[in-house]
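Next up: the structures, one after another.
The following pair of complexes shares a single chain, chain A, combined with chain B in the former and chain C in the latter.
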Partner chain A sequence: MAVRLDRWRTRSEYVVVPLGALLVSALLFSLFLWALGKSPTDFFALIWRGGFGTWFSLQNALLRAAPLILTALCVALPARLGLVIIGGEGALVIGGLACAIVVLPIAGVWPGWAVMLLMALVAALAGGVWIGLIGALRAFRGVNETIAGLLMVYIAIAILNFSVEGPFRDPASQNKPSTFPLPHEAMVGPIPGLEIHWGLIVGALLCVGFYILIDHTTIGFAARVTGGNMRAAKTQGLPVGKLIVGFSMLAGAAAGLAGFFEVAAIHGRANASLAAGYGFTGILVAFLARHNPLAILPVALLFGGIAASGGLIQRRMGLPDATVLLMQGVIFVTLLASETLYGRLPFFRPADQRSTVQ
Partner chain B sequence: MSQDPGVWTVLLAIFAGAIRVSTPFLFVSLGECLTEKSGRVNLGLEGTLIFGAMSAYATAYTTGSPWLGVLVAGFAGLSLGVLHGLLCNLPRINDVAVGIALMLFGTGLAFFFGKPFIQPAAPRLPGIPLGDWTGNTAIASALDINPLFFVGGALAWIMAWGFKTTRWGLIVRMVGDSAAAARAMGYSLGRVRLICTALGGFLSGIGGSFLSLSYPGSWNEGLSSGQGLIAVALVIFARWNPLRCFVAALLFGGAGALGPALQSIGVSQGYYLFNAAPYILTLLIMIVSVSPKRSLKDAPSELSITR
Partner chain C sequence: MTKRALSIDILGMGKRFGAFQALDDVSISVPAGSFHALLGENGAGKSTLVKCLMGFYQPDGGDILLNGKQVTIAAPREARALAIGMVYQHFTLVPSLTGAENLVMARADVPLVVDWAKETKALNDFLDRMPFRVPLDLPLSGLAAGQKQKLEILKQLYLNQRFLILDEPTSVLTPNEATEILGLLRGMTQAGDLTVLMITHKFREVTEFCDGVTVLRRGRKVGGGLVSELTTDAMAKLMIGETQVPKRAERVDHGVTPIMVDLIALYGTGDDGLPAVKELDLKVHEGEILGLAGVSGNGQVELLEILAGQRPLAEGRIFVQGKPFTPKRAEMDLMKVFSLPEEPLKNATAPRMSVAENLAFRSFDKAPLTKARWFLSGKEIRAKAEALIERYNIRTRSPETPMEALSGGNVQRAVLAREISGDVAVLVIANPCFGLDFASVADIRGQLLALRNKGTAILLISEDLDEILELSDRIAVMSEGHITYLAPAGEADRTAIGHAMAGH
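Now for the complex of A and B:
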C-alpha cells in the first residue's frame, strides 16, 4: 500500500509541476493585464465563456483542438527520440496544399469517398516526407533538426504562396488567392449530431495509437532508448537512423492530416489561411503534455478553448489579437523554467528518501 | 559597357540590396556568434529581432528620433537576452527549448504592443550618401549606405580581434570550449554566459531596428519572416568566426536581394520562389557545411547543438 502510494506520489510530479507552471503563468499574465489597466478576472471569465462555458463555445474549442492534437503529435513523436523538430506548421501547409492540388483532376470522376481517402493519404504522405526529410538530414548528415525544421516552415509557406498565386490559382479568388474550391462530395462532413469534423476523432485515435506504439511495442522501446542516449542506442546496434526517419515521417503524416482537415473540412480550398499558427501552438501543447500522446488530448482542448475565445477577448476587452500569442509565450517560458524543479521537491520523493534533500 | 541595361540594373540592385539586406543578418549573427562562443545557443533571436524592430519603430514614432529607437531596440533585445541567460543558468534547463519559447514570447510581445504602430510612419534612419558625386541617381541611391552597416562591419573586426587577443575573449572562448577548465580557473560559467547572451540580444535588437527604421523601413507583422533564424544558421556556416559572419551576411543579403531586384526589371514570374531563395540556400549550406562523421571544426565544444 505504502509502496503504491509512493509510486503515485513520484508520478504526480509530472502532472503537478506543469499545472503549477500554468497557474504561475496565469498569475504573471494577470499582473501584466492589471498593469495595463485591464481586469484579469474579466479576461479569464471571457476565456471560460468563449472557450468552454457553453455548448457552442465548447464545440468551437474542439474544432480548434483537432489540428492542435495533430501538430502536437508532430513535435511529440520526434521528441521521444530526443529530437526537437518544430516544423509542424510546414508539414500542415504542405499536406493541405498537396491534397487541394491532387483533387483537381479526379474531382467528379472518382466517387466522393475515394477522393476523400486519396486526399487524406496524399496529405499524410506529403507531410510525412516533409518532416521525414528533416529527420533524414539529422540522422545521416548531422544537420541541426530544429533550425532545419523552422527553415522548412518558411520554404513551405513560400511554396504555398507560389502555388496559389501562380499555377493553381482559381481566377475567381480575387482578394485572397486560393486553389480551386473542393467539389462538394470531397468535403469532410461533421460528426453526426455535432458541428465538429472528423479530424478530432482521427486525432484522438492517433494519440492512442502512438501511445501504444511508443509505450507498448519493441519499436517504441527502441525509440525511447534512442531518446535516452543516442550513442548507447547506436552501440547496441539499434537502427537509429531508420528509427529517426520513421518516427519523423509518422510525425509529419499527423501534421499533414491536420492540413487535410483544414482544407477538406474548414476552408474548402488551400490558401494563406492554412498557415494560421496551429503548428506553433502545437509545439507548446506537446511540451506541456511532456510529449505523452495521451496527455496531448486535454492540453490541446485547453489551447483550443483559449484560441476559440480570442475573438471574444479582442472585442470585449479591446485587446489586440496577439493577446493569445503573448499568453502562450508567457506559458511556454514559465513551463520551461519549471523544468528545473523536477527532482528537487522533497514532497514527490518516496517516504524513505524524503529526508535526504540534496 | 553592355547594351542591355537590364543586366546592369539587376547587378546594381543586387549590390545595393546585398548591403541593405545583410545588415540585420550581420548584427544577429554577430550576436549569436558571441553567445555561442560562450557555449550556449539562443535560438530565440528571431523573436528578439522582431521585438527590437517593433520597439525601435514605436520609439522613433513617439519621440521623433530614430537613433533613440536604435538604442531602445538594443535594450529591448538585451532584456530578452538576460531572460534567456537567467533561465538557462538554472539546472536541468535546455537552452534550445528556451530559445523556442522566447521566440514565441518575443514575437507575441512585439505583435501585442506593435498593433497601433502598423499604420503611422516613423522617421527613418538617414543613410550616408556616398554616391552623390557620380550624378547618376541609380548609383547614388545604391551607395546611400546606412551607418549601421559600417558599425556592424567594424564590430566584426573588433570581435575577431577581441576573441583572439584580449583577456575577455580568452575567457569567453574558454567557457565555451571547456567548462571544466573555466571552473578550475575560478570563472563563473553562468555569469560569463549570461553576459554573452545579453550582449547577443542587444546586437539582435539593433539588427531589428535596422529592419523597421532603414530597410524595408516600416513596421508590420511579416517584417522579419525568419531572418533572425537564418542569421543563427549562418553562424554555423561561418564556423564561429565574426569575419566570416560578415562575409556570410553579405552573401545572404545578395540572395535576399535577388527577388526584389528581378522584380524591379519586370521579372515577376516565380517571385515567391525567389523569396524562398535565402531559406533554401541556408538549408543547403547547413547540409554541406556539417558532417555526420566528426563534430564540427572550430565549434565551441560546450555547444549543445553541435554535439
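Now for the complex of A and C:
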C-alpha cells in the first residue's frame, strides 16, 4: 500500500509541475495585462468563452487542435529517443505542398477516395523523408538535429514559395500565389454531425497508436533505451541509427499529415498560409505533454482553445490578435524553467528518501 | 621558518538527514603536517564528514578546532578563507582553458582585466617554489590524467590552502602517477607546509604514505590511530565490520581449452581521429580470464568499444568460436558475446529508466518478456527483475526505482546480473571494480571467477594491476594500441609488466 502510494506520489510530479507552470504563466501574463490597464479576469473569461464555453467555440478549438496534435507528435516521438527536433513546421509545409502537387495529374481521373488516399500517403511520405533526413544527419553525420530542423523550416518555406510562385502556380491566383485548387471530390469533409474535419480523429488515433508503440512494444523499448543512453543502446547491439531515422520518419509523417489536412480540409490548395505556425505551437504542446502521446490530446485542445479565442479577445478587449501568441510564449518559457524543478521538490519523493543524503 | 601547515580537530561531530544518522559522534585529530587517511566503505560517512569541513553541510553537533581555535564554517567560501581546500574525485578544471588560465581564474580576486604577462611571471615564480611542475601554457584537454590531477593540487596550493582534503585522488591515475603525486604531497607534509586528509579505498596508499588513519563505518568512528601500529588486515576488518565478505570462488583447472575469441589485426580510430588500436592480435581461450593491463589512454577503451559495437572497426577480423563476429544484437545473442564498459551508470544503463527496465535490456525482445512477437509484458519484466534483484543481491527500493538512484556497487551488480545471468560464451569487461567499496569489489570479482569456472572466456581490461594479477589466468599488456606483453599469470612479474606498460 505504502509502495503504491509512493508510486503515485512520484508520478504525480509529472502532472503537478506542468500544471504549476501553467498557473505561474497565467499569473505572469495577468501582471502584463494589468500593466496594460486591461482586466486579467476578463481576459481569461474570454479565453474560456472563445475556446471552450459554447458548442461553437469548442468546435473551433477542436478544429485548431487537429494540426497541433499532429505537429506535437512530430516533436514528441524523436524526443523519446533523446532528439530535440523542432522542425515540424517544415514537414507540414512540405507535406502540404507535395500532396497539392501530386493531385494535379490525377484530379478528375481517379475516384475521389483514391485521390484523397494517395494525397495523404504522399504528404506523410514527404514529411517523413523531410524529418527522416534530419534524423539521418544526426545519426550518421553527428549534425545537431535542433539546428538542422530549424534551418530546414526555412528551406521548406522557400521551396513552397518557389513552387507556388513558379512552376505550380495557378494563373488565376492573383493576390496570393497558390497551386491549382483541389477538385471538390478530393476535399476531406467534416465528421458527420460536426464541423470538424477528420484530421482530429486521425490525430487521436495516431496518439493512441504511438503511445502503444513507445510504451508497449519491443521497438518502442529499444527507442527508449536509445533515448535513455545512446552509448548503452549501442553496447546492447541495438540498431541506434535505424531507430533514430525510423522514429524521425514516423514523426515527420505525422506533421506531413497535418499539412495534408490543411490543404485538403481547410485551404483546398497549397499557398503561404500553410506556414501558419502550427509546427511551432506543436513544440509547446509536446513539451507541456512531456512527450507523452496520450497527454498531447488534452494539451492540444487547450492550445486550440487559446488560439480560437484570439479573435474574440481582439474584438472585445481591444488587444491585438497576437496577444495569445505572447501568452503562448510566456507559457513556453515558464515551462522550460519548470523543468529544473524535477527531483528537487521533496514532496514527490518517497517518504523515507526525503533527506538530501548524497 | 615556522610551520605553515594547519591542524584540525573534529570533536563529536554529528549529522542527521531526516531519519538517517550519517555521522554520529565522530572525533578525529589531524595534527599539522600530517598525512591522514579516512577509510570506509561507500556510505560510511566520509563524504558527509568532509562536506561538513568544507561548509557544504552544517553539522548538527560537535566542534571544529583549527589550530586549536574553535571555528564555524558556514559556507565553502569560509572554508577557503580559512585555507582549507579540497581536491575532488573528478576533475573540476576547465578543459578548454590552459593551466595558467585555470589557476588565475580560480582566485577569489580575479581582476576585470588580467595582466597575463605579470600573472605568468608570478605563476612561474610560484612553480619554482613547488616540488613539481605542470606545463601551464597548454589547454587542459591535452594533458594526461596525472598532469591534470597535479594541476588540481597546484591550484589549491596556489590559492594558498594549507589544509588539503583529497577525495580518492588516485582513482583516475595510473599506479605510477599515483605513487608520484602522493609521494610529492608526503614530502610537503613532512616539510610542514601542508596537512592532508585523504579519503581512500586503497590500503596500499594508506600504508605507504599516511601517518594516521581513521576508519568510519555507518557514520561512526570504529577505529584508527597511527598507521605504523595497524596492519592492513586490522583496517579491513574495521572497515567491513561484521558483514560477511562473500567467499571467492575456487579456481577450477580447465587444462588446455579451445580458443574462444580470436582478434586478428584489429585497427580502430580514436575520438581524435588518430589510430587508437593498431594491429592488435589477441586470443582468449574458453574458461580463462585474460587480463589486459595498460596505462590509460593506450587504446584499451577503444578496443572495448569496438568489441561492444560502440565504435566501428576500421580493419581486422573478429572470430568467436571460429566464426566471424560483428557486434550487432542478433550476433551478440546468437554467439553469447556480451560487453560491460567501465562506469556502467554512464555507459551501460539508461539512468532515468527503472531498475526493472534496465535489467531487461538483454532480454526484452525475447520470450517470455515479449508476447505476440511485438509486445512487451510488463508483468514478466517485473518478475524477471525481482528474480535478478534477489539472486544478485541488488539493493534497490523497488524494481520501479530509477537506475540513477542506486549506489555505485549496486549499479555494477545490476548490470553484471543483466549480462551474465544467462549463458555467456564471452564477456568483455572494463574496470569492473572502479570506485566500489571493499565488499562490492570482492563480490564482483567472485562472480567473474565463478563465470570463468563455468567456461566463459573473459577479457578483463583493467587499470588496476592488482586486480589483474589477482584474477587473470594470462596477462597481456597494451601499449600504444597493440599488445606488447603476454604471459601466463604464473610467469608474469611486475617489473616486466611495468616495462611493457611504459612502452619499452
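As a convention for this text, the second predicted complex is superposed on the first by the 353 of 358 C-alpha atoms of A that agree within 3 Å, B and C clash if a C-alpha of one lies under 4 Å from a C-alpha of the other, contacts with A are read in each partner's own complex, and residues count from 1 in each chain.
Basically, a residue touches a chain if its C-beta (ideal position, glycine included) is under 8 Å from a C-beta of that chain, and two chains touch if they have at least 3 such contacts.
Computed from a predicted structure; not experimentally measured.
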item: More chain A residues in contact - chain B or chain C; value: B
item: Chain B versus chain C as contact partner of A:Phe162, first or second or both or neither; value: first
item: Touching partner for A:Val16 - first (chain B), second (chain C), both, neither; value: neither
item: Which of chain B and chain C A:Thr235 touches, first, second, both or neither; value: second
item: First, second, both or neither for A:Val225, with chain B first and chain C second; value: second
item: Which superposed partner A:Leu325 touches (first chain B, second chain C, both, neither); value: first
item: First (chain B), second (chain C), both or neither touched by A:His216; value: second
item: Shared chain A contacts, counted only where both chain B and chain C touch the same residue; value: none
item: Chain C - residues contacting chain A, complex; value: 17-20, 22, 47-48, 51, 308-310, 327-333, 339-341, 346-353, 357, 360-362, 364-365, 370, 374-376, 397-398, 400, 405
item: Chain B partner contacts - residues on chain A that touch it in the complex; value: 84, 86, 137, 140-144, 146-148, 150-155, 158-159, 161-162, 165-166, 280, 283-284, 287, 320-323, 325-330, 332-333, 335-337, 339-340, 342-343
item: Residues of chain A that touch chain C when the two form their complex; value: 3, 7, 216-222, 224-225, 227-229, 231-239, 350, 352-358
item: Of chain B, residues touching chain A in the complex; value: 43, 83, 87, 90-94, 96-98, 100-102, 104-109, 111-112, 115, 225-226, 229-230, 232-233, 236, 269-273, 275-276, 279-280, 282-283, 286-287, 290-292, 305-306
